[in-house]
Amino acid sequence: MTNPTLVIRGGLIVGPLESFLGDVLITDGRIVEVGPSITAPSGAVEIDAVGSWVGPGFVDLHTHLREPGKESAETIETGAFAAALGGYSAVVAMPNTEPSLDSVAMVGYVLERGKSAAVDVAVAGAITIGRQGEQMAPIAKLAALGVRLFTDDGNGVQDAGLMRRALTYAQPLGVTLAQHCEDESLAQGGSMHEGAVSSKLGLTGRPAIAEELMVMRDIELVRLTGCSMHFLHLSTERSIALVIEARAQGLPVTCEVAPHHLTLDETACETFDSEFKVHPPLRTAADVAALRAALRAGAIDAVATDHAPHTPESKDMAFDEAPPGMLGLEQAAGLTLEALGGAEADPQVFFNVLSRGPARVAQMREQDVRVGHSAHGGAVSVGEDANLVIFDPNASYVVDRDNLASRARNTPYHGRTIHGRARATIVRGRLVQLEGNLQ
Amino acid sequence: MIDSIAGGNLVSLATLSQRAIVEVLDTAESFVEVNSRSVKKVPALKGKVIASLFFEESTRTRLSFETAAKRLSADVLSLAVASSSVKKGESLRDTINTIDALGIDAVVMRHSSSGAPVQVSRYVPHVRVINAGDGQHQHPTQGLLDAFTVRQVLAARAGTSGRESGSELFAWLNVLIVGDVRHSRVARSDIEVYTRLGARVTVAAPGTLLPPDIAQWPVTVATNFDEALATADVVGLLRLQKERGSGAFVPSLGEFTSTFGLTSRRAKLLRPETIIMHPGPMNRGVEIDSQVADSSAAVIEQQVRNGVPVRMAVLYLTTAGTTLESGSND
Amino acid sequence: MAERERLNTRQRGTVFVPKSQLLSPEEVQRAVRRMAHEILERHEDIANLVIIGLQTGGICFADRLAEVIREVSGVDIETGTLDVAFYRDDVTIRPVLESAETSVDADLANRVVLLVDDVLYTGRTIRAALNALADWGRPQAIQLAVMVDRGHREIPIRADYVGKNLPTSQAEAIDATLDGVWIGTLVKK
C-alpha cells in the first residue's frame, strides 16, 4: 500500500546554503519536485506551510527508548511517536537498555522492532559488554548490522587503556565512538553541579572537572588512534572550548549539546524537584550562555535530546536517590530555536544542528552506506528520500506533562511556553503527524 | 525571607528573617517556664495529630520532639520508619500519602536525603512540615536551640532575660564552628542562625571538610586554630559525619583529633567565659576530650534540655491556629 | 512601653486606631482606687490575696491595685503575671498569639486569687486563664477585676470588680491603660 502524494505549499525551504519560498511535491517516498507554485496531481494531500520553515526531518543522536527492559517508562513505539511530534524523522537509540545493546541479538531485536515505528530507528551499540567498561563488545559484527555509533552512555568508559583499545579497534571500521564524559571517581555520589547551589542545599556535587578531564583524555586518545569520536551532551564552557580547539587542530571530533543544558541552570534544583536531576547536571548560568554562543556560532555539530523517560514512581524519590534524566523529544526544536535567538534565529544553523549535523555524525545521509534506513539530513532536493519537517517558528504552546506522546511524564518544562513547533513530520514520504495529531 | 513561621513550615533556616528567629526564641522562653511546673502541659495543640517520621534513626531528637508534642497535648503518631519495611528507594510520596490518609496536622521528619522535607511539603501542602534533619542540608531546630542556649547563658550573665535582650547579645559575638562543615546540616543551620542574629562566624576544619566554595560563605576561615580558640566567645563542635562518608576525607580520626580536636591542652587556650557546645552525640576523644565535655564551660546538657521548649515553640507556632486574621481582642 | 503592651494584645498585624477618649487618666486612677477599696472591704485577710495580672494588658492594673492596697492597708500583696496564649480554646480560628512571661511565685493552695485584666469582652481570655490556673494548683477562690466591661459575653463569666461598664458595638475596639480608656477601631498594619 503506497502513501498518498503530498504537496507542501508556500513554506521557506531551508537548503544547506540558502533558503527560498516554494512548494515540495512528494511521491512514493521521494521528493519529486521543488519549486514555486507546483501543479499537484489530483488526489494529492495539500499541506499548508505558509509562514513555516520546510527542511530535512530532525535526527536525534541520543534517545533512550527503554526497550527492552523498561517498557513501563517508554517503548520503541511510543518513543517514536514522541519523536515524530517533535519533528524528528530519525532517532538513534541508546544501548543502556536491559539487557544492553551489546550483541547481535539485542541490536537486531531493536532494529526489527524499529521497522514498524513511526520514524527511522537506528541503534547505537555498546562499547563494552554490559556497559561494564571491562571487555569490548562485538563492534565489527554490530557494524555489519549497520551500527555506526558506539557508546556506553549512561556511563563513560573509565579505563583509559580500554578506551584506547576500543578506539584503535574501531578506527579501521569507519565507525564513531561516542562518550558520556564523566569521571566516576570525581563525580561519585553527586546529584547536581558542584557549586554554590549544591553547597547551600547540602547536596553532593558533580564537578565540571569530572566532565572536562575525560574530554581532555579522549581528545588525546583520538590524537593517538585517529578514530572518530563524538562527545555526548557536553555541558560546560570549557568542554566546548576543548573540542573546538581539537577540531581546529584537525582531529576527527564532533560534539552535541542537549536542550536542557541550553535552557536551564543549577538554580532550577533549588526546589529539590527531581525533574531537574540529570547527568551531566544542569550547570551555571555562565555555562548556559557559553553553550548558546557556541551554538549560534555554528561550533556545535548537533543538538541531541538525551530523551530519558522515567516512570513517575521512580522520579518520586528523594533528589539524591531519584534516577537522572528528563524527556526531550517533543520540546527540543522549540528550545533550540530559543537558544538560537528565537525570532532572530538563523534557519540554516537551526537545521544544521537539528538535522544535517546529526545525520552526518550518525552516517544517515544520502551519501553514507546505510543498512535498512532511508536518508536523512538532505538538501530538500529532487530525488532525495522524503524525510521532512514543517516547522513554524511563530507557533507557541504550553507544555502539559499529562498530554505527551511519551509514556513518561518527567519533563522539566511543564507549564512553560515554548515558541516554535513542528506542524508536520514526513517520514519516508508518509505524513506521520500533522498539527500535533499522529496520523 | 519570611518574618514568622506561624502557620507555615520549618524546613530551612535560610529563609527565616531575624524577626522570625527571635519570635521562636521568645516563644521557647515561655515554654521553659511551662517545663518548670509540676504539670508540664498546656492544651495549646489539643486535638492536633502530629506524626513523627524518622527515616534516619535518632532516639534523642525523636524523643525530644515527641515530648514537646505531648506537652502541648497533641496526639503523637510515632513511626520509626528506619526500622520498618520502608527501604531506601521507596517512593516518598507513597509513605506520605499513607500517613496523610490518617489525618495528620503536622509531620516532623528526619531523612538521610537533602531536600526530602521540601519534596514532602509539595505532596501534602495542607500538612505542616517540620524538618528534624535532612541529609547534609539543614537541622533547623538544632540551630535554634543552639542560639537559644547561647542567649540564655549570656542573658543570665548580664542579669537580664533572653526575651528582653532580643538579639542584642549576639552583636559582636565571635562564634567558632569546628569540624566537618562540609557534610554537616547542623553547621549550615548554625551558620544561618548566628549570622542572622548578628554574630560573627569563623570556621576551622581540615581543607577537605570545608565545602569547596567556602570563600563565598558569610564566614571567616581560621588560618590558625589555636588563635581562633583564644578569641572565640562560643565554640561549637561538630561531629565527624562518618555515616555521610566524611571518613574518606581525613587520613584518620587520630589525625583529625590532633589537628582540630578540642583536647584538654587546647581547652586551656580558651578564655574562662567561652561557651563550649556540641549538638551530640559526642565522639568522646575525637572532636572533644571527655574531660572538656564534662567541664563547666560546656553547656551540652543545657542544649539537650532546651531542645524540648524550642521544639514546643516550633510546633506551637507552625501548627496551632492558622494565618487567618479573624476574631477580636477580648 | 504602653504602646508595646497594647500591640502585644492585638492580633498579629493589627494596630489600634483611637477615635475618642472615654476616660481620662484621672478618671482611670479614681476607678482603680475605688476598686482597691472594694477589694479591701470584701477581704478580711487581705494578705491571703494573690493578685495575678493577665498578659499583657492586665499587668499595669494589677500592679496599681497592689500599690493602692499597700498604701491604704500597709500590707504587701503578692503579685504575679499569667500568659494565657497556650490555653485559648479558639486557637484554630485565631492567629497564633505572641506569648509573654508567666510568673507566679506563690503557692496557690488555700489562697484567694484575684485575676486582673484590662478589658472584659467575650470572656474567652478569662476562661483560658482559669484553665491555666488549674494547672498551677487549686486556689481557695478566684475573683476577677477588670478596668472595662464592654459586654458581648460568649461564656458565662462575670467580673467581681469593674472599673467602668462601657457598652460597645462589636465593630469597635477598646483600649484601656493607666493613661486612659479610648474607643476606636482595629486596623491591619
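Which chain is which? They are A, B and C, in the order written, and residues in each are numbered from 1.
To be clear about the criterion, contacts are C-beta pairs under 8 Å (C-beta built on N, C-alpha and C of every residue); 3 or more make two chains touch, one makes a residue touch a chain.
This one's a predicted model, so the numbers in the text were calculated from it and none came from an experiment.
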Linking chains that touch, what shape results: line, ring, star, complete or other? line
If I count C-beta pairs in contact for every pair of chains, which pair wins? B-C
Separation of the C-alpha centres, chain B versus chain C, in whole Å, is 37
Rounded to a whole Å, what is the gap between the Cα centroids of chain A and chain C? 74
Approximately how many whole Å separate the CA-defined centres of chain A and chain B? 46
Quick check: what residues of chain C touch more than one other chain, meaning two or more? none
Where on chain B does chain A make contact in their complex? 14, 88-94, 111-116, 118-119, 122, 134-138, 185, 188, 211-213, 216-217, 245
Residue ranges of chain C touching chain B (in the complex, touch as defined): 9-14, 83, 85-88, 90-96, 98-103, 119-125, 131-132, 135-136, 170, 173, 186, 188
Contact residues on chain B for chain C in the complex? 4, 6-7, 23, 26-27, 29-30, 33-34, 37, 39, 41-44, 72, 161, 163, 316-317, 320-330
Chain A residues within the chain B interface of the complex: 189, 194-196, 199-205, 207, 271-274, 313, 316-321
